[in-house]
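Residue numbering begins at 1 within each chain, and the chains themselves are lettered A, B, C, D, E and F in the order written.
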Amino acid sequence: MPIIRIETWKGTTLDKKRDLVESLTREACRILGCTPEVVSVIIDEVDKENWGAAGELCSERFPDK
Amino acid sequence: MPIIRIETWKGTTLDKKRDLVESLTREACRILGCTPEVVSVIIDEVDKENWGAAGELCSERFPDK
Amino acid sequence: MPIIRIETWKGTTLDKKRDLVESLTREACRILGCTPEVVSVIIDEVDKENWGAAGELCSERFPDK
Amino acid sequence: MPIIRIETWKGTTLDKKRDLVESLTREACRILGCTPEVVSVIIDEVDKENWGAAGELCSERFPDK
Amino acid sequence: MPIIRIETWKGTTLDKKRDLVESLTREACRILGCTPEVVSVIIDEVDKENWGAAGELCSERFPDK
Amino acid sequence: MPIIRIETWKGTTLDKKRDLVESLTREACRILGCTPEVVSVIIDEVDKENWGAAGELCSERFPDK
């Protein structure tokens, strides 16, 4: 009954979310030998100003173009 | 000093949140033998389009009526 | 499809774990209007030397008697 | 800089862990358009007696054969 | 490659977020002997009505002034 | 009432754990304006074979010397 959680920057499109859920579920089932029904996936979209890398806010280190 | 975290779909009413905090705290105290003062509860409301079940987005598998 | 996670100090007995799973599941179902089948509970037992409170390790602030 | 976390029952072999890390990283990179270097994967192996499903401990609901 | 996560009430200013990321990264590097480049920090701002303390919602126990 | 969680490789000494708890608590209090009594710190030591970076297990990418 795996639970998969993926944290990524805010702004993921619905198509990418659908692809993440499908693909991560499929890989987990293949590897762990379970059925899709028992897999949960949670996508946690984090604002870049709430994510720090190398001691800096990602909103400043990697500003949106 | 238990920390309880509950992830559920977005859209929980304030009354239900209050009930969750009261009830989960009370049960944790009864079972673990601690006082309410040391229990934290965090309610993490997840958008259905960020939650996958059985390889599908919950927003599509369980659309709002 | 709530997911409940409870972090507590290591050393919870099997009876208390069973009680936690039963009770937290029951309360979540009652409040959120779901069936037990869709509720997951994860008990995360944390060593007291890996838990800090008030700036001190719990293994030193609250030593086992 | 996605962080992927997968919680599953204890007892995953090293080969399966390697496959999980490779596959989940590859899918995340393909979908989110990032390089493997910025992806972290954490495998959290949970004892079946610390995981509850449908109000029961998994160690009792799904005993090892 | 430490990952630090801090949950706090919603309403942290950008200056405080920058200070959190800088300070927690610096301390982690000093203690664990790593470079800032491998440290991630995630600030999780939780609404006070989603946080319970002592069995009460923080929005009611600690209302904004 | 901040909750700080730090995931790092297994093998942190007790002295470093004590320093982490003291230092992260102190910085959080200074920045967020709270007292140490309301800060929790959890150190989550992850086995290198359960941590993936750049698509590889850290136990293989960064073997112990």
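As a working rule, a residue touches a chain if its C-beta (ideal position, glycine included) is under 8 Å from a C-beta of that chain, and two chains touch if they have at least 3 such contacts.
These numbers come from a predicted model, not from an experiment.
Novice: In the chain contact graph, what is the shortest path length, in steps, from chain A to chain F?
Specialist: The fewest steps needed to get from chain A to chain F is 2.
Novice: With residue numbers as the basis of comparison, which of the pairs A-C, C-F or B-F duplicates the interface of C-D in over half of its contact pairs?
Specialist: So the equivalent interface, with over half the same contact pairs, is C-F.
Novice: Rounded to a multiple of 5, how large is the rotation, in degrees, that superposes the C-alpha trace of chain B on chain F?
Specialist: Fitting chain B to chain F on C-alpha positions yields an angle of 180 degrees.
Novice: For the pairs C-F and D-E, output the one whose chains share more C-beta pairs in contact.
Specialist: If we tally the contacting C-beta pairs, C-F comes out ahead.
Novice: Could you please state the distance in Å, as a whole number, between where the Cα atoms of chain B are centred and where those of chain C are centred?
Specialist: So the centroids are 13 Å from each other.
Novice: State, to the nearest whole Å, the distance from the C-alpha centre of chain B to the C-alpha centre of chain E.
Specialist: Computed from C-alpha means, the inter-chain centre distance equals 20 Å.
Novice: Multi-chain contacts in chain C: which residues touch at least two other chains?
Specialist: Each of 1, 3, 7, 20, 24, 40, 42, 51, 53 in chain C touches at least two other chains.
Novice: Just spell out which pairs of chains touch, all of them.
Specialist: Touching chain pairs, listed by label, are A-B, A-C, A-D, A-E, B-C, B-E, B-F, C-D, C-F, D-E, D-F, E-F.
Novice: Please name which positions on chain D make contact with chain E in the complex.
Specialist: That would be residues 1, 3, 40, 42 of chain D.
Novice: Over in the complex, which chain E residues touch chain F? Could you list them?
Specialist: It comes out as residues 1-9, 12, 16, 19-20, 23-24, 27-28, 30-32, 51, 53, 58.
Novice: Can you name the residues of chain B that touch chain E in the complex?
Specialist: Contacts found on chain B: 14, 17-18, 20-22, 24-26, 36-37, 39-45.
Novice: Name, in rising order, each residue of chain F that touches chain D in their complex.
Specialist: By the definition above, chain F touches chain D via 7, 46, 49-57, 60.
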